[in-house]
Amino acid sequence: MPDGIDAPRETATRRKLSRRNYARSYWLFILPAGVVVAAVILFPWAFTLFMSLQDMHVGSAMSFAGLANYRRMLDDDRFLWAILRTLYFTSLSVFFPTIIGVAAAVCFNKHFPLRSLARTIFILPMMATPVAVALVWTMMFHPQLGVLNYLLTSAGLPPSTWVYDSATVIPTLVMVETWQWTPLVMLIVLGGLASLPADPYEAAQLDGANGWQCFRHITLPLVWPFILVALVLRAVDALKAFDTIFVISGGGPGTSSETLNLYLYQQAFAYYDIGFASAIVVVFFALIMLVTLLLMRRRSATS
Amino acid sequence: MSRHRWRRIAGRIGLAFSVFVLISPALLFFLWMLSLSLKTEADNVAYPPVLIPSELTLDNFREVFAKNDFAGYTLNSMIVSFSATGLALLVGVPAGYGIAKARASASAALILVARITPGLSYLVPLFRLFQWLDLTGTLLPIVITHLVITVPIVVYVMIGFFEGLPNELEEAALVDGATIWQAFRRVALPLARPGITVATILSFIFSWNNFVFAVVLAGRTSRTLPVAVYNTLTFEQISWGPLAAAALLVTAPVLLLTLLMQREIVAGLTAGGVKGG
Amino acid sequence: MLRRRTFLTGSSSLLAAPAAIRRTRADPVFDWQQCKGQSIVIAMSKNPRADVMQQHQKEFEALTGIKVESEQMPEQQQRQKMVLELSTGRPSFDVAHVSLHVSKRIIGQGKWLADLRPYLANPQLTSPDFDFADFSKPSIEAATQPDGVLDSVPLESDFWLVYYNKELLAKKAVKVPETFEDMLAGARTLTDKASGTYGFVGRGLRNANVPVWSNFVLGEDQAFVTPDGKTLLTDTPGAIAAAQTYQAIMRDCAPPGVVGFNWNECQTSFMQGKIGMWMDGVGFTPPLVDPKKSKIADHVGFAVMPAGPEAHACSVFTDALGVVSKSKNKDAAYLYIQWATGKQMLLNLVRAGGGASPRLSTYADPELLKDSPFGREWLATLLASAKMARPGLPEIVPVTEFRDVFGVALTNMIGGADPAVELRKATDAFKPVLEKSLQG
């Protein structure tokens, strides 16, 4: 720092100058990540759009097909069912984890002995490797030798066919999804609960409100933005669910658990129809965007 | 007065019961996994199922190592997850800083798009690209695709941390004539070390767990652990023991990391769900 | 075509002549060591055939000095992965273990495997005792592409038969079925849901279930497509009748959850001793008779596929080995195939119960006849099946899609849907796919 009487003025100018540089130079910080993202995300998009307009199969020549791949979807029952099934799976896989996750967050927000251990055990399912977990679930679902049917029959309930029946397969997969992803909802809501002010509760207690009333009228409105974040993330993840469904049911029995993601995999890597698969990717992405934006709009509307 | 006490006790019992109900599915699941991996074949197919093994055996683990190149796959997984995490830190930490300081929400939104894009949709074009570049069968394509998971995680965690840091220290450094880069290097970065730890752990875990990229892109020598385990699926007879042992081996590092670093992980995830893929 | 083939044969033997002469002088036997020091990779499909090849791998390495790396992958993944890798032009393997009934045409279309006719005709590369003429005619037909290219050598013919639990059948005085009608009636008698006993088990899982239906269809003296591969026959009265049989036996006589069963789940259930009959490929025998794995090891019976109303046939699926066109060590890869499909190895395969050999000489082997590894009944069933075997799946490019579309129809039938309606729906859905593949 230079000595002199006009130093303060000089510093002020420099500060102003560096402020300006400062703002511009931030782009240099973002640039490398921007390049990586563009390379691994934008390129595939552009290429996918291109391929979706081609008649393209592994092992044979490519030709321009216009919108034929998109038109084909309208007549493709399997595709249309996959969309409905994806929405069905998603709505259940958002509903249950959200309800249980909020309840769990309320519990884990209280102080009790061994709280951090209990919380860690609770989040293990979402940290564990999905494929490994899915394999163990598969063994547990075995209709004759699986431990789950043993537990059901010991409790006096009839055994279930789990993933071996088209009526029970999606609820069963939702159960796995709930087991795995409720912790994420819990953590996000827990973050919200931790930031709550104490005064409204004290006031309410003076007014003689009970626990449920406190929760309903104070906690819930205050953590609602956090719940909505969790909801959006849950919806996106459920739409994209792949690993567990792929390993546990493979989309079966028949196509009764074939979601869009699984159908897409089948078209691309089992039937080698790259053009049609690319068109499905485009529609699938549009669907995810739509659901996300709808939920986000609700979020900004409420907040 | 006593009514109040009763209510408190009832509340305590209710809470204990709720916590028990909440954690038992996770607890029982992992115990059952452990039990399957330590039991003999006879115990594993017994009905009613046997929870406490009649005899403990490590044969299942031995079989996993004897039948597969498990060490090689572990090495692959290590290389992929470490490289993808390292590269993501390299570009993601400065990006998080830049976005936090410049309040560049558009850039943040672009990276959010990476969060919502289904992993499968990258695969077809990237597979073609790697084929054209003659890279299929090597680990490089897998590392590159894993950046799709790790970069958003690192950027998101770092944005949160840098936003939480007080501005005064850097401003002071700038006033003292430091360049922006120096202010970042010398002031912000050391303060953000806990954030970097969180970002590293989370990005490592979710890269380790990823299945879908390697299932398509990996060849015989470039396979990662989750794919290798999926491939050992053999139902010649019910060989649940080795399968459970293999599953346990794959996920054990992640579970241990979670148990050891639970505070950091909870902090990172609470900041905003980051799961990728 | 014929002229070209003769030309190739002629020229290659001409070229090989000096070397052959030199060798005859130094060493009268075939030079197995000619590719010494090279290394090759074999991509195997996980099945009993692959086990046998791996068990004897060291012998090949000692014989040839070639280093072999081999790997088994579950068949569904292996089939997909193999085609994807071949399509990149940079596969990580030199020898491909191909399920001809699934991947033959797509591989032929891409010309991913080398034409083996020049190799076979070359005495420097093919040992005189390989005896190519020994392979059964249907197996060579299965390995030959429509344009005459032979791009693989048959490794195994998997005949379908009926495994049965002798004890259960005896208890209820059910006879070994001779017709599908007998089988259905017998299975009904055996089924006692209260005690968890079921008369029948077969694949219900989408895609995997089509070969079961296929056997019923063959019994109607039918195929899935016309011989030219262009017109679907999947909604004819015969196909519908076959589907009705499938539906009846799977709904009434199979254990709960069968709709999710592939062969492995069927095998597991059957070995637990509560299933009367299981219809599947002959290659799944060994675990059934292994007392360590099976509760019914000493009373498994083997029966030829029962007769249908119109014909008596069983389906056959062929596994083969091919040399990757882009391989850098094609000669070494060919030597491996020659060894793996040689007389001794195929005898080993049958002895190990890995399936049926496509070579006729295997069944003339005096020792095999004297003490067949799984008893006389097993060998007799194998021999009888060989005589009535027909391909179980159509030879078209989109086989996987065929199996998926009709597989779904079959799973729906297990769920109670009407066979005629389902088959018509599936046929309509698959028709454009087939037409598309014929244009390509």
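Read from first to last, the chains carry the letters A, B and C; within each, the first residue is number 1.
Methods note: a residue touches a chain if its C-beta (ideal position, glycine included) is under 8 Å from a C-beta of that chain, and two chains touch if they have at least 3 such contacts.
A quick note: this is a predicted structure, and the numbers were derived from the prediction, not measured.
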item	value
Which of B-C and A-B has more C-beta pairs touching across its chains	A-B
Farthest-lying chain, centroid of Cα atoms versus that of subunit A	C
Rounded Å distance, subunit B centre to subunit C centre (Cα mean)	41
Inter-centroid spacing, subunit B versus subunit A (mean Cα positions, whole Å)	15
Subunit C, residues touching no fewer than two other chains	84, 87
Numbers and ranges of subunit B residues touching at least 2 other chains	216, 230, 233, 238
Where subunit A touches two or more other chains, by residue	144, 269
Contact set on subunit C toward subunit B in their complex	41, 43, 46, 71, 73-74, 77, 84-85, 87-90, 92-93, 262, 264-265, 267-268, 271, 287, 293-294
Subunit A-touching residues of subunit C, taken from the complex the two chains share	80, 83-84, 86-87, 106, 109-110, 112, 196, 204-206, 255-261, 269, 272, 398, 400-401, 404, 407-408, 411-412, 414-415, 429, 440
Footprint of subunit A on subunit B - complex, ascending	11, 15-16, 18-19, 22-23, 25-27, 29-30, 32-33, 36, 45, 47-49, 87, 90-92, 94-95, 97-99, 101-102, 104, 107, 110-111, 113-126, 128-129, 144-145, 147-148, 151, 155, 174-177, 180-181, 184, 205, 208-209, 211-212, 216, 225-227, 229-230, 233, 238, 240, 243-244, 246-248, 250-251, 254-255, 257-259, 262-263, 265-266, 269-273, 275, 277
Residues of subunit A defined as touching subunit C within the complex	57-61, 77-78, 143-144, 159, 161-166, 249, 251-256, 266, 269-272
Subunit A to subunit B touching residues, read off their complex	1, 11, 14-15, 18, 21-23, 25-30, 32-37, 40-41, 43-44, 47-48, 51, 100, 103-104, 107-108, 110, 112, 116, 118-133, 135-136, 139-140, 142, 144-145, 147, 150, 154, 179, 184, 187-188, 190-191, 194, 211, 229-230, 233, 236-237, 239-240, 242-243, 247, 261, 264-265, 268-269, 274, 277-278, 281, 284-285, 288-289, 292
